[in-house]
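In what follows, structures are represented as structure tokens.
In what comes next, subunit A is part of two complexes: it sits with subunit B in the first one and with subunit C in the second one.
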Partner chain A sequence: MTAAADLGREPGPRDGDDGAPASVPGSFVGYLARRPGLLIAATIVAILLAGAILAPVLAPFPGDAGSDTNLLATLLPPGGAHAFGTDIAGRDVWSRVLFGIRISVGVSLVVIAASLLIGVPVGLIAGTVGGKTDDILMRIVDVFLAFPSLLLALAITATLGPSLEHAAIAIAASWWPWYARQMRGEAAAIRGRAYVEAASLLGIARWRVALRHILPNSIGPIIVQASLDLAGVILTFAALSFLGLGAQDPTPEWGLMVEQGRTLTFTQPWVALFPGAAIMIAALAFTLLGEGLRERLDPKGQTRR
Partner chain B sequence: MVGIGLLAFVIARLLPGDPAASWAGPRASAEELARVRVQLGLDRPLPEQAVRYLLDLVTLNWGISIHTRQPVLSDVAGRFMTSLELVTFALVIAGLVGIPLGVLAARWKGRPPDWLAGLASSVLVAIPVFWMALVLQLVVSTQLEWLPVAGRWDRTLNEAAQAATRTHMVIVDSILAGNGALLLSGVSHMILPALVIAAYPIGLFARLTRAGLLETMGEEHVRMARAIGYTERAIIWRFALRPSLGPVLSALALVFGFALGNTFLVENLFNFQGLGSYAVDSIDALDAPAIAGTTILVALAYLVANLVVDLVRPVMDPRLREPGR
Partner chain C sequence: MSEDTPLLSIRDLAIEIRGRRLVDVADLTVARGEIVGLVGESGAGKSLLLSSIIGLLPADATVLGSITFDGIELRGAPDRLLRQVRGRRIAVVLQAARAALTPTLRAGAWIERALVLHRVPAAERRARVAHALDAVRLDPALMSRYPHQLSGGEAQRVAVALAVALRAELVLADEATSALDVTVQAEVAELFRDLRAREGTSFLIVSHDLALVAGLADRIDIIADGSIVERGGPSVLSDPHHQVTHDLVAANPTLERVREAAL
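Moving on, here comes the complex of A and B:
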């Protein structure tokens, strides 16, 4: 998914027709105003973050996101005290969706950070050192990339046993090779530049050149890619939980909530519909935001590989 | 290849639980367990087991599935064909919808059709497939009653379908058997799951086509055609589109792998007996040989897809042919 999302990248600079020359510095607000899609995405992301922080205040039944059950109020349709209805254990779906932001988006952020922390150093070493080290590291990366990422995550979670932590580990394990490969490409491209060679000739240690010159000059596109990948990780995490391999009840994870409402789709559809819509809205917002970031920070549309 | 095999071995051996115990069943005696362990080669040192495992893979001895008690290879081969048909059907839909959507967006660049197509493709990329499946079942099958909810064909055709089974692809099988009713039923049962699997490829193809087309439209040969006086429509469809589809073709292998992965999420919802539902059942049953076999098969299919795409690209795009050939 990582690379697929990447392939949609524009081949060159956006033409001026949408009226936002990327060279205008500073006025990010004005930039946003000229791009309604990006503005909406940024607003949704801001609302998601606020919702995650304020969930205990905003949720009418905060206990329902934990182990509370209310067997006298099961499967109530939306309306009244329960804007999104209640699930089979009588829990308020709206409260659970709200607290779900912390799990679904929060865990995905951690997974992306972990993938970067593994992939970037590996790619940096491979791209800077070159030679045999490069060959071996990239061979390992290729083995991981030989599997579609969802399937690799699935196989790893099945191996480790179902739990939220294992699902997170599995997704990070299937995601880091993309960053390793991208970082290696960026590093190898920069290594030949004059200022890097000059630094080497001055006798500066190789690791120092890597950290001080190569890393800062190549990390930009990788951060942009990571923000785009967030949507993919949210979807993958929800998918693993949906298959019963990720978060476990009573954790208010969106994919798990869809699974719990699955058999009720034709009778009490609200149980599955609202958390699923939340997944889609979050993934959509992060995709649009990532694309906007890419256009702004990486207007050259540098190719990844 | 060896790497893929080793990774599969690690997955198979690290699965929680004792493979011998899950093979022999819960009531097995200690002696029985020991016998099964020797029989499965689990008493040997791990490196030897790994080598044996790789040799078995090459000699097509993929072990016996614990939950179906059938050889894994024959299990997954048939199921794979079923899923392959579904994924192919989905990718055809994706091409037929996604590419025109991208053309539309490029033709009206910066205008409302472009925004709408862009929004549609973003939504399709962001939608969780398992949720989309439920929504379609609810709306299209239950409310509108346009298409069947689940299954691969109508129940009344079960016997005919059994008799027709050759390739495990219901469309191919029904045509081979000359059974029109089965063909119709098979296609109508495949539309919903295929649409769900096609969602992501449609969005991706639309974006790639738009980007590629916009790039091509600035090139010499297109400007030449415009100068000669061809209509914009003729320029797009006759001259500009084909060289613009390179990125779509390059993405095809990746999309294929992704779609195959999504069968894992979708097939059980539609009671569609393909590789995806087999894999999920195997995971539920902690069926190590079956999980390893499925993993390897998918990796192989993904590899072959990548090779095929690399071979086909120069045929489709003369610019990629090596000079002097």
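Moving on, here comes the complex of A and C:
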């Protein structure tokens, strides 16, 4: 390098024209500290994840999350060996709420992942290829979007029969079109960018341009949306189970547990109260986390619902 | 190919989009090691002509005639063949230097990936990149930067460095300096001249910047309404015969004319 010196610029801070955030882990900790809401949400999510993983260790009566029943200890109030009391079958509510994380949050994560796995490729193809392919794919998406998501989920579970798996399929079926539509918009907006053209000019095949150059530059807002949607899926999932169309007894699903305590609200409120609170806390935590992520990853703050 | 056969040869090229003939060029050649300027107003068909060379025209465009590169007919060539030529043998340098780099890739990774794509052996890559960076006088430290951390001139050098690393024989520069500061424009022009001398690279420079083209090109073709209306050495700009050339020259303020106007 002979002539580098006269061209080289000081590697100090650059004129921040578009100010992309530096991805330093340390700065993220500082960022969290300045946003107590996000910090609380992240803590709750961390506790939920730990609870899900450690449920067999933490639950005093792991069997109660399964098919165990204890008809000599039904509807015991909170206290003693049963911190959250027992339900109508004598099962420890605390153990069931704890194992419920695996069901309610776990299945919701799977549903979101499945929706992304279908929606993102469909949207990417539609947005990148354009033309007739775009038209056909988006009309299919429109058909799915025309139904209110809970109604579509109801129709699917009613047809397939009520079960945890069918409820998950039903929610994913009503959720992926949103990602397809959003991804299509992002991809179509980026398709005309100079770097996409430059990639084609380099002899890169079209599918590879889509995967390597369009996708990484458009996925951010969709990840944000997915994290916000997690709360919605948890609620939808609980609603389906509450209506008897989702998880079936003895699965420790929160919505189902609320339903089982529904008639006992005024006499033995703990049966419905604790799983209900769990739904609320989980949904709130994921919403706050999603909002925080959006502030960081997608400052434009686009929402769709 | 013998030495006197042009590297790029365009014959009777016609490009039509929805029945409208937008480009109609009887012949245009670029010899090995030659710098040819293609000058015209916006909408004259310059960019369309460039796109047709590498086979990246809009889907509804019809192309007639012949485009040969080193004896290979590129018009209507299968996509697989065109992809091997794009970047690898014919490089394109765009106007928006920084915007032409993928924002999620560091400059070094961008170059590296293109070398992998064009099957440059791993053992050769490092040496080629080092040589290319030296050729475009770019600090290797900049390779770890993202596009938004580069200046426009640096980004343009990255793009040209890739062309050098891939040993492209022909560089198509599409308004490659128009978005840059005047001083940086001069640097890029110098870079092109230098590359021709060091690597024997040929250039087809498309621009409306007459000063740049006059100072750089061996031959200049003036294009208007899709056809070449005048051609010659750099002197065509100082002694224009065709009205279009005359208008182009008149529309470009020179220091002398600015001084005249001020007096």
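Everything that follows uses one rule, which is that the second predicted complex is superposed on the first by the 271 of 305 C-alpha atoms of A that agree within 3 Å, B and C clash if a C-alpha of one lies under 4 Å from a C-alpha of the other, contacts with A are read in each partner's own complex, and residues count from 1 in each chain.
We take it that a residue touches a chain if its C-beta (ideal position, glycine included) is under 8 Å from a C-beta of that chain, and two chains touch if they have at least 3 such contacts.
Fair warning: this is a prediction, and the values are worked out from it, not measured in the lab.
In the superposition on chain A, contact of A:I112 is made with neither subunit B nor subunit C. Using the contact criterion defined above for the overlaid structures, shared-chain residue A:A226 touches neither subunit B nor subunit C, since it reaches no partner. Of the two partner chains, subunit B is the only one touched by A:T159; subunit C is not.
The partner of subunit A that touches more of its residues, comparing subunit B with subunit C, is B. In the superposition on chain A, A:V93 makes contact with neither subunit B nor subunit C.
Of the two partner chains, subunit C is the only one touched by A:A198; subunit B is not. Of the two partner chains placed around the shared chain by superposition, subunit C is the only one that A:N217 touches, whereas subunit B remains out of contact.
Residues common to the contacts of subunit A with subunit B and with subunit C across the two structures: 1, 3-4, 7-9, 11, 17-18. By the touch criterion given at the top, residues 3-4, 6-7, 10-11, 14-16, 109-110, 115, 118-119, 122-123, 125-131, 134-135, 137-138, 142, 200, 204, 207-208, 211-212, 214-215, 247, 250-251, 254-255, 257-258, 260-262, 264-265, 269, 279-280, 283-284, 286, 291, 295, 298-299, 302-303 of subunit B touch subunit A in their complex. Subunit A contributes residues 1, 3-5, 7-12, 17-18, 37, 139-140, 142-143, 146-151, 154-156, 158-161, 231, 235, 238-239, 242-245, 255, 258, 262, 265-266, 269, 272-273, 276-277, 279-280, 283-284, 287-288 to its touches with subunit B in the complex. Residue ranges of subunit A in contact with subunit C, taken from their complex: 1-4, 7-9, 11, 14, 17-18, 20, 131, 193-195, 197-205, 208, 212-213, 216-217. Contact residues of subunit C toward subunit A in the complex are 54, 56, 59, 82-88, 91-92, 94-96, 99-104, 113-114, 117-118, 133-134, 137-141, 146-149, 151, 154, 159, 162, 187.
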